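Next come two complexes, and both contain chain A; in the first it sits with chain B, in the second with chain C.
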Partner chain A sequence: MTFVTAGAVPLPADTRSRRIRAYRSMARMALKSLLAYQTSFLFGMLASAFGVLSMLYLWRSALAAGPRQGFDWPQMKAYLLVAFVVGSLVSSYTDYRMANRIQQGDVAMDLVRPVDYQWSRLAESVGFAVYEAGTAIVVVLAAAAIFGGMPPPDRDTVPLFILSALLVLPLRFGIVYLSGLLVFWTQNYVGVQAARIALITLFSGALVPLAFLPEWMRVIATYLPFVGMASTPALLYTGSLDGSDATTAVLVQAAWAVALWWLARLMWSAAARKLTVHGG
Partner chain B sequence: MVAEARRALWLYRRLLGAQVRATLQYEADFWIMSLSAVLVQAVGVVFLWAIFRSIPEINGWQFWEVVLIYALVVVAEGLSVLVAQGAWTLAVTVNFGQLDAMLLRPYPPVLQVLSSAVGMNGLGNLVLGTGLLIAAVRHVDVSWNVGRVALGLLLVVAAAGVKIGLNLLTNCAAFWLRSPYSMFAFSMHSFGELARFPVTIYGLGVRITLTVVLPYAFMSFFPAAAVLAHGPARWLGLLTPVVAIYCLWIGTTVFRYGLSRYESSGH
Partner chain C sequence: MEMVHARPVTLIQVAGLRKVFRKPEKAPGLRGSLRHLLQRRFSEHVAVDGIDLSVAQGEAVAYVGPNGAGKSTTVKMLSGILVPTAGQVLVDGLVPYRARVENARRVGVVFGQRTQLWWDLPVRDSLELLRDMHGLGAARYRETLARLDDVLGLADLLPVVARKLSLGQRMRADLAAALLHEPRIVYLDEPTIGLDIAVKDRVRSFVRRLVADGTTVMLTTHDLADIEDICRRIVIIDAGRVVYDGDLQSVKDTHVRERSMSFELAAGLPGVDRIAARLPGAQVRAGSDDRELTVTFDRMTLGAREVLAAVLAEAEIVDMHIDEPAIETVVRKVYAGQLRPEPDGGVDRETVS
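== the complex of A and B ==
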């Protein structure tokens, strides 16, 4: 499915634009493959929708007596729904496919392709993300309809919110890609994936805003890359994060996105060596 | 009849034992699966604890009572994954036409399917779930006597039966959807996760679905209410063993019906 065909038009001599064309078509193919097999994807989305449904009901009951830790019910609703949409990015096939190809040894084919492995996976993830975000927004609209609407974003922080939401993509990609590469060592993916999801859910504040966690856990969370994957954009949406704190939070997101990218490069070169050992 | 049932049970144990041995060949896998299961469930408990740090009770349910409900889901999940994980292989089995071989063997196909896999994450679930259950039981305000302990144990086993029956039922979708992925059953499993909290927090539609249509609430909320003698739900909780038998019956019935539609692969 990731085949790049040149088509009738000859490729331009310039390798850079040639690469970009290749990645663009990879993203397109990823989106198309998702659309072709969308039943499974939609059931997966339904599963996450049930997750957000139970969170909404639980928080509605929990906050019925009044606001807690600075969150009232409408704010919490907005927080959870924004966290759901950004959490849907890079959540379906990127790591699953990688893990599968690594386990089966098909990754050897990926190695001989004249494109960069990491950029290729990112391109595919962007393709998936278009559909992931689209369906997640539909779920959110439905949830908002059931739970009596969703407050609009805070006007002052809208530009930063959009930037922050976009940064979730490279951030989540970094984590998902790194955990996918772990399969070179573990051979097992189901467990790795479950552990990753659990860690992200807790330390990104996707289930419970970090303000509800005890001090020591919040300190741990600030040193981890996960905060930028739910908490930051969701707090920017509700307007709970503003001024220099907001700018800092978004800069931290960007810094982590870059750091994870290079960390993944390092890990990939170690993993590729590992594969050579396997092949004898 | 008794001899037949004993033979069936003996074979089931043998089949499952073969799966356990096969799985334990991959020692690292075993540890990754067990530890990740503990981590996943522990995060769920931290989440509950974080909420109850700020809010003393939700809908009349206190922290340890909700932990009891939660722990029942973890234990039921653990048991179902350990003894009947095979339900989740049905999608691949049907899609690749691998049911053919099972149909030729002199042992009920449904039991062959159920015993065809063992999930080592079940052990992690079981350890953590039991720990939570014990912790919760020590904190809730219930006077324990022999009868209540026996009731509790019966309800835990019945709760696992509910989960196994519903897993089988939802995975039977493979006969109709014919996709090699069990995503439909997985989405229903996620719906079942709603039973980790007191069902009184949900809207009427969700509550009815959890109680009647896909009675996941009988693996946690109703048994917990029965043991705690909490609210009107306690009487329903006593029905858990009946619901378990019903779920297992409907699972096998739909399986048999699905089997009549099975036409192997390549046709």
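== the complex of A and C ==
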């Protein structure tokens, strides 16, 4: 029998400030790890620049004959560019990493850290988003220069627009994180990611404003979380959404952001039960 | 706060721990996948099958067993990564998978085949991130890092991006990452896998030092030399069950009755038969050279002195040595299935309080 002095140094109780510091540091590191890859940065920027330019050319010729569904060319330009910037947040670094780590079993190493899994992924997503927003804004400035400037935001809806743009982050995070968690069930992520991207592209109005969709689809889209990921902030920017409609749209955004967060929590606890870490 | 307990404090308490994995039963190819979607069939695989274990504070336990025995699965349940299918786990008063975050503040985990480090960042950044995660103050971080640097030689590694580290360097950095917050309990799952002898030695002396400092260590390894000078207690598992739990020395004494003596002789022997005749029951073999001779015997029926006398009577001895039984031998027996638990459940075990 050995004689042991009990509990060498009792661990200090956990504090909120430790957690905040942890997540802030994670966000910073996520940003830093993206900055480590200069070449992929350039290529990513080029690719999205081409995407935006071709979209703008397309819409300019489509609207050459005059406004459609209430969109004239300057409005459409502003709509598309805003939708592009907010749509580039939380694009795929988050779920790509998550899915990979889950499939490879490296998620085990995420779980031996003294941080909540979901908050950690959000923190990282915020770090990635700084980078994503940075690149998107550069692309948008270039595109605006080529297409003869961009109209300023509508004065009346600016505060709501800012709020709505900020809500895009938790919203997109919710969807991206939830689809990342699906890997626990599907094993293969490529299909899930493609489906997610297709859903967002169609129902968020990032490519084609929802006003161009058939009536029934537009009605469905209004209540889905996707509309808040591009359409709502973009319409607020152009001033096409105002009054009580504007407030409702932002409330729907906020409600979905909260709902997705808690849905993800539920899904995580189901996933953790069936979590089988591969290898090792 | 200087309390002295007559009985060791139990830090890890495991009872009836089980983990069953469900594997999809799927025919190969697309047809198999589609079929699986319609009628989902699973086969069950019991990785950990009712393990009982209790580890006292400050103990160093070797946790060994053949490939697929369930060692890593146990460690994953102890560290809160996996949820057990059944049974209880209590680590320092916490149920790891329920209080995962709190548990992670107290334990350090190294999986030799994985890394804690952020792949795209310099080691220093990873360590600073862990510093922030554990809420360590600047002074304490500096001190701990200096101490770790002392044993692990980290200074050269700090500015290197983790992706570019060699295996041995990565392992040193990973050990530092797992121990930065000075956990009271450390699980090391194959910390020396793939390392060269020099780095292995370094890791071993590092772990020895941890143990000397009073850290509770659970060490999983296939390199049994790792455990001989680190652990006094060994837990051997096979097919998810504990087949031995007790003192390292006494398992050797009980299960390795074989001793072996090697001789170097002054002149070549024409044959070994005459010596063999003097030592019934022993195995006498000539070495590659006829001046070398090895006698293997059961220490219960024969003594070293009798062996020596028999050889001396037939030849002139230049040099000799007795091979201490290696733990390898015991474990090899387990691996070969010679040391199964008795069917009535009477496992060969010395329970530690």
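Here is the rule we go by: the second predicted complex is superposed on the first by the 256 of 280 C-alpha atoms of A that agree within 3 Å, B and C clash if a C-alpha of one lies under 4 Å from a C-alpha of the other, contacts with A are read in each partner's own complex, and residues count from 1 in each chain.
Quick note on the criterion: a residue touches a chain if its C-beta (ideal position, glycine included) is under 8 Å from a C-beta of that chain, and two chains touch if they have at least 3 such contacts.
Values in this document were obtained by computation on a predicted structure and should not be read as measured data.
Student: Classify the contacts of A:D116 with the two partner chains as first (chain B alone), second (chain C alone), both, or neither.
Tutor: second
Student: For A:G44, using the defined touch cut-off, is the partner it touches chain B, chain C, both, or neither? Pick first, second, both or neither.
Tutor: A:G44 contacts chain B only, not chain C.
Student: So, A:L266: does it touch chain B (first), chain C (second), both, or neither?
Tutor: A:L266 contacts neither chain B nor chain C.
Student: Considering only touches as defined above, state whether A:L213 meets chain B (first), chain C (second), both or neither.
Tutor: first
Student: Of the residues on chain A, which ones does chain B touch that chain C also touches?
Tutor: Comparing the two interfaces on chain A, one with chain B and one with chain C, no residues are shared.
Student: Spell out the residues on chain A that touch chain C in their complex, using ranges where they run on.
Tutor: Listed in rising order, the residues are 1-8, 11, 14-15, 17-18, 21-22, 24-26, 29, 32-33, 36-37, 105-106, 108-109, 111-116, 272-277, 279-280.
Student: Spell out the residues on chain C that touch chain A in their complex, using ranges where they run on.
Tutor: 2-9, 21-22, 56-58, 72, 76, 79-83, 97, 100-102, 104-107, 109, 111, 113-116, 118-121, 125, 128-130, 132-135, 161, 184, 189, 214, 353
Student: Along chain B, where are the residues that touch chain A in the complex?
Tutor: Contacts found on chain B: 26, 28-29, 32-33, 35-37, 39-40, 42-43, 46-47, 50-51, 53-55, 58-59, 121, 177, 179, 181, 183-184, 186-187, 189-191, 193-194, 196-197, 201-203, 206.
Student: Using the touch definition up top, name the residues of chain A that touch chain B in the complex.
Tutor: Residues 39-41, 43-44, 46-48, 50-51, 53-54, 57-58, 60-63, 65, 68-69, 146, 186-188, 190-192, 194-195, 197-199, 201-202, 207-208, 212-214, 217.
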